[in-house]
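Quick one: structure below, then a few questions.
For reference, chains read A, B, C, D and E in written order, and residue numbers begin at 1 within each chain.
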């Protein structure tokens, strides 16, 4: 009875594109609807429905305007002029102006987004109610500018609600006020949040639905079941267990798609620990791993082997001509012997402290496989799979591991800011997550990163990026093993028109139901 | 002793429980014989159904042998259960004995201590402790012991309260016995029977607590326990229900057996239940 | 010199309901080799007195001297030294033996604690078993293999193991069947004769006390109301309470007064949480007078040789007025 | 009280067994006993002799699942009450036969007021309006000499002493005007003075109501004061039965003789007369007379064949091979 | 006698017996109230103080500061901001000052601020508490009703086949962990049969009005309550059975039978009423366990209660929240025990002020 009733809104719609959309995400319920700085996928999903960015990053790696109607980069590449959209109002009725943008860049973006071109920020000024000039110390590349305007959490915040407050603890974060197609309506903690149509949205005709409901489950299997019982319209960020995907794919009511950008997952070597500080050992261990097995078994074939820090999905920079680490246990054995760790009967070559970050089941499983692969080489391996908090602590605060299987180590966009954060000396910041867990420091590489940050010529940028990738793969501090594209499950009746690179964090004003 | 065995074996259910428990124990002891390899090794195709040749109970999502994990899991599960129960018995008997033997402030404050632990929701406490100090086996065992001694202490206290009124305790004092001699030499041997019966049950309780913890993903990840197997199989209930069901059945049978044995022990060891 | 000399003893026991005034200013002497019988209703403080003498409960006031040594406030160490001198036999033979200990161990315990070797202990226990009339094979058996009477013999063996000077017998035969009772009483008598011990014999069974006690003490609410030697006590009881007790005892002959015709003491033993002013017996005494409510009567010699604590009982020498009072007592009951 | 007058209640061949871990153990062995109207009969014996079970069998209140009647009949007004249905038996209890048991403190429901328990007893056999119930309850309480009955009505048993509780139990028992009151060790748990009070009360009530009394006791003193007739039980059998005076004056069974000798005062300093040995357990009960093992006059036949009942005087019967009057 | 049974007896209702003793009942009510008040002072307050203090120090003795985890979780890179958080949470102070502050805050019903929930701890807990209480109470009712009924049934014929089967079933249910039972119930009733929802407390997005809403929750409640209740019911079965058998053997039951009371009257007024006491006792003793059990069951059924709150808090090392949940759940348990204590004192007149 209840199951039939859950689609009540739909029925009331009587066909057409009115009605409500029930969505879910593979992330747990966030601590807040919007988290300054991003806060991971949970708030990333909900925040993006209410708040908007200046631009959108598209699947074809181009940018299209959102709150900024257009932007131009000065010939010396040291300043950017933004023309803001007119007639945009905040959900509380206040007009959106250049004041909001100036304040956001200074008070929010600058402190929260290091290793971006904001490092060279010289000043931000409003040139009028809808005009803003952003000036930099050094030349900034065009892509980096577009990316700054469109990246994940780079929303424009309402100055009148945030100025003078503690951004992190501002209660508005729990009930965000933005310019987007969806107005935050209510949040029933432990269960769901509701968003209603913004009637004065600046794109006429959007949003196409009346209501957006976001539900959270702790249990992936329950989400899969909810799709099958028709309780859910759409789910992003890997909503269902991979093991269930085959069955869901076979369901004619549902369609399963994959985002282009696969998340890099691979080995992090603690370059300051004795054994793995030797690049030969690192290379040997990389040869010991069968990436195909991981993709096939752990990820049920939904992931593919990764090549290097420039992910294969990166159409801008990917170049197959880079060092590779094919599965070759014999070679691994030889390399270890050369490094001074010969195989000895009845004794291990050395001890290895293997960590698999515990926030996804797949990481743990991969860890189990890796342990076995290393042990087959005669390496005594202890595996730990701590929970999320302890994994993050072990990886980024205590550096308590020799080898870790975790997220990171590649980029599907511009190398800036991802690569310097992960491989640069500046990325070694105790306590900050998704940075340089390997504590790998190479002045040569740092210099290249510095170069890339201010290189405005696309061809030269690509060459430098490739150069960086080669150095990284040679030294192998962090090497992705697989690229795992997140899947999206939707009812076949749900239509997504957007061309955004990340559907999950797009505003969803254009989603319709038939 | 013979009398004890005879009376115990008269309880057919308890005997059945004992046999069942013996089987589980045997499996646990013979785990290295039944599956000499590391149970966590990937040995076959992932998610083979039970009764697949070579994998009588099938394989899990990585291709590990369910049977191997189950029998090795029996070891750790039982070990955790017994170790935690021992911790609980040690604390429980000590606190209960003191609370029951001594009157006045000492007895009252130890009684209050028991009350305190009766008040704290065990699993909530367990979750908190293990997440803060880390999920290492030893901490898990100690924490489970720490949350499960209270019922043993309450029972021990009750036993001591009744036994300390017995005249032989007075007799002991008239010949100059000290408190420790009376507690350990005179009262404890009498009080221990029902306590032992309950302690058997506390092994079951510890197994259940550990399985809950592991199920929530907060157990020690470096060992295979049945609870963890259930937790790992939970996401697969639609595709491979047996991964979740089989270890669950193992827990049910073991706890069932322990309960029956505890009942039997209680019948034999608790004189008040004879009547 | 008395073996035991208790002077103005007070025992107060804290309970959930309040402080129980179990013993309230009591003097008692026991001569070597004699038996003092202690009678009174349950709750009158008989057992507590026994336990206080054994230092099993603390005394609030007064003194206890054993063999000339003041033991009221001895520390644990010093106490252990005098323990062998005074022992106890308990009422509930089922509870007095540790069911987990063999008979040998139970009887041998005091010896081992006193430092005897295992071998000596075993020999002595076997000797004791024979002494109390138990088979030698009792040594390795457990209490549940014995009948009530046999268990009481075991308790006696344990009590006499170290040749005590005084044994407090707390209702030693009350829980026994009639047919066994005599066996135990006789054993106690034999042992006293052979070992020259003193008994404080606590009982509510008058016929047993009459048989065994050289001197009889009657307690009421923690005080002695009357005491006297065997010769005088039974023949000339003076205190109204003593008389009531004796009258209430069941007849042993169907031709004696039937229950319905007997004078029966009405009311019940009052609570010892709050003690009355004056004579403790005033509430139930059929002869109560105003003076009884004002001052507590002291024990003093009365006609016939007993010591009596009653305002109404005349002193020795006022014998003339004694008879009517006695008559009145019996009639009013 | 003549022989011709029919008995109020008569047990014939009544046998009762207790269920133990090892199976059923017979406790009462083919007991014959009759009680006349208004008569007081005492069953006397040592603990474990089966006297209580025999009495409880006669009101069918054996502990459920632990003991049961294995044979015989109990006739009340000629009807065998052992064959009545439970509902019929309920109607009979309290009205025809009532019971007071050993421990007065535990015989009252601790969770109900004295009044409530009295009302129950009264209304079990007579539907009375509320006020009348109260009046009757107060009347009963006065009858058993409860001081200040109005207050007691609202009190709970734990506030009352053992003697008071026993009075309440007695009041409840006589509420239905029973023709037979079974008193199972009514004074064992009480002090001498209270015992005297209760015995006096029982006797007075008996005389006032004319009910018969079956007293189960181990105390010959109680027997002497209360009973018209006495039945001595040993190891499950009545070994001697007769008018109380005759039993006291001329006991025929060696066991009775021994017990009575014990109740008489022995001169100080002398050894008391003893009955050697202990009651045999049911497991090693000899085939013949159960007392043979302790009897100093036992003959060979005593150890092999159970003695038959012999009439030795007016209504005086004994089960003993030894025709011992001469040598006693 | 049969004729008499049809007459209205004034005492067909066992509780009406109390009416006859109005004064005493009233004074008993007063007694109970005084007892509760006294218990609050002598038991609850000290107990809470000890619980608060010990959990506070236990949690704060854990390695690593929670700002570390919090900042990494929230991806804060600005050291100044981290410092500010440290001050905000008072972590720059010595531990004992933090403790005093915490006590002071608690005295003002302030349990601190949860960064994981982004709201005050108390607010978050109060938000989730109703769901847990609904689940717990229903689960308890399932346990009590089924357990007591089965126990009474089993005790009606001790050692009969019925008794053995019921007792064995009880042991079996006790052996099944609640979460596993829950999963199996989900598979059967949610997935295979599709009769009942597999999780959550209500159908999201549906609007059924008040009655419909209640029915909706009730429907979602069935599986988790049964999963929780069945495991617990085994305990009540045991206690009830034992208590009924023991009470049935009591002397006062013999007395009641001797009065000629009907079987029902004896069973209800004398046996069951006395058997109720141990059941009530166990209810109190078990309450903390019930609370614990709900944590796992909530996780299985995605129930939006304290359990999920705690689980999130534990995973995110949200210390203020973990502390808050422990303290508040202990408080709930203590208060429930206080109520049970009062109930017990009301049921059992022997309980006096002690």
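Keep in mind that, in the parts below, a contact is a pair of C-beta atoms (placed from the backbone, for glycine too) under 8 Å apart; a residue touches a chain by one contact, two chains touch by 3 or more.
Treat the numbers as computed from the prediction; the structure is a model and nothing was measured.
Between the contact lists of subunit C and subunit E, the overlap consists of B, D. Distance from the centre of subunit C peaks at A, each centre being the average of the chain's Cα atoms.
Centroid analysis (C-alpha atoms only) places A farthest from subunit D.
In terms of C-beta pairs in contact, B-E outnumbers the other of B-E and A-B.
With centres taken as mean Cα positions, subunit E sits 50 Å from subunit D. The mean-CA centres of subunit C and subunit D are about 31 angstrom from one another, to the nearest whole unit.
Subunit A and subunit C have CA centres that are 90 Å apart. Once the centre of each chain is set as its mean CA position, subunit A and subunit E turn out to be 42 Å apart.
The set of subunit E residues touching two or more other chains comprises 191, 249, 299, 311, 315, 317. For subunit B, residues touching at least two other chains, in rising order: 131, 218, 234, 237-238.
Within subunit C, contacts with two or more other chains are made by no residue at all. Against subunit D, the residues of subunit E that register as touching in their complex are 1-2, 4, 7-11, 17-18, 20-24, 158-159, 248-252, 254-263, 265, 269-270, 273-274, 277, 347-350.
Here subunit C touches subunit D in the complex through residues 41-42, 147, 149-150, 177-183, 185-186, 189, 204, 206-207, 210-212, 230, 244-245, 247-260, 262, 264-266, 268-269, going by the rule given at the top. Residues 64, 68-69, 71-78, 81-82, 84-85, 88, 113, 115-119, 124, 127-128, 131, 190-191, 194, 197-208, 216, 219-220, 299-300, 302-305, 308-309, 311-312, 315-317 of subunit E are the ones touching subunit A in the complex. Across the complex, subunit A meets subunit E through its residues 1-3, 5-6, 8-9, 20, 22, 28-29, 31-32, 35-40, 111-112, 114, 166, 168-169, 171, 173-174, 188-192, 194, 211, 213, 215, 217-219, 222, 225-226, 229, 231, 387-389, 392-393, 396-397, 429, 431-434. Note for the complex: subunit B touches subunit E at residues 13, 112, 115-116, 118-129, 131-133, 151, 154, 204, 208, 211-212, 215-216, 218, 227, 230, 234, 237-238, 241, 244-245, 248, 251-256, 258-260, 263, 275.
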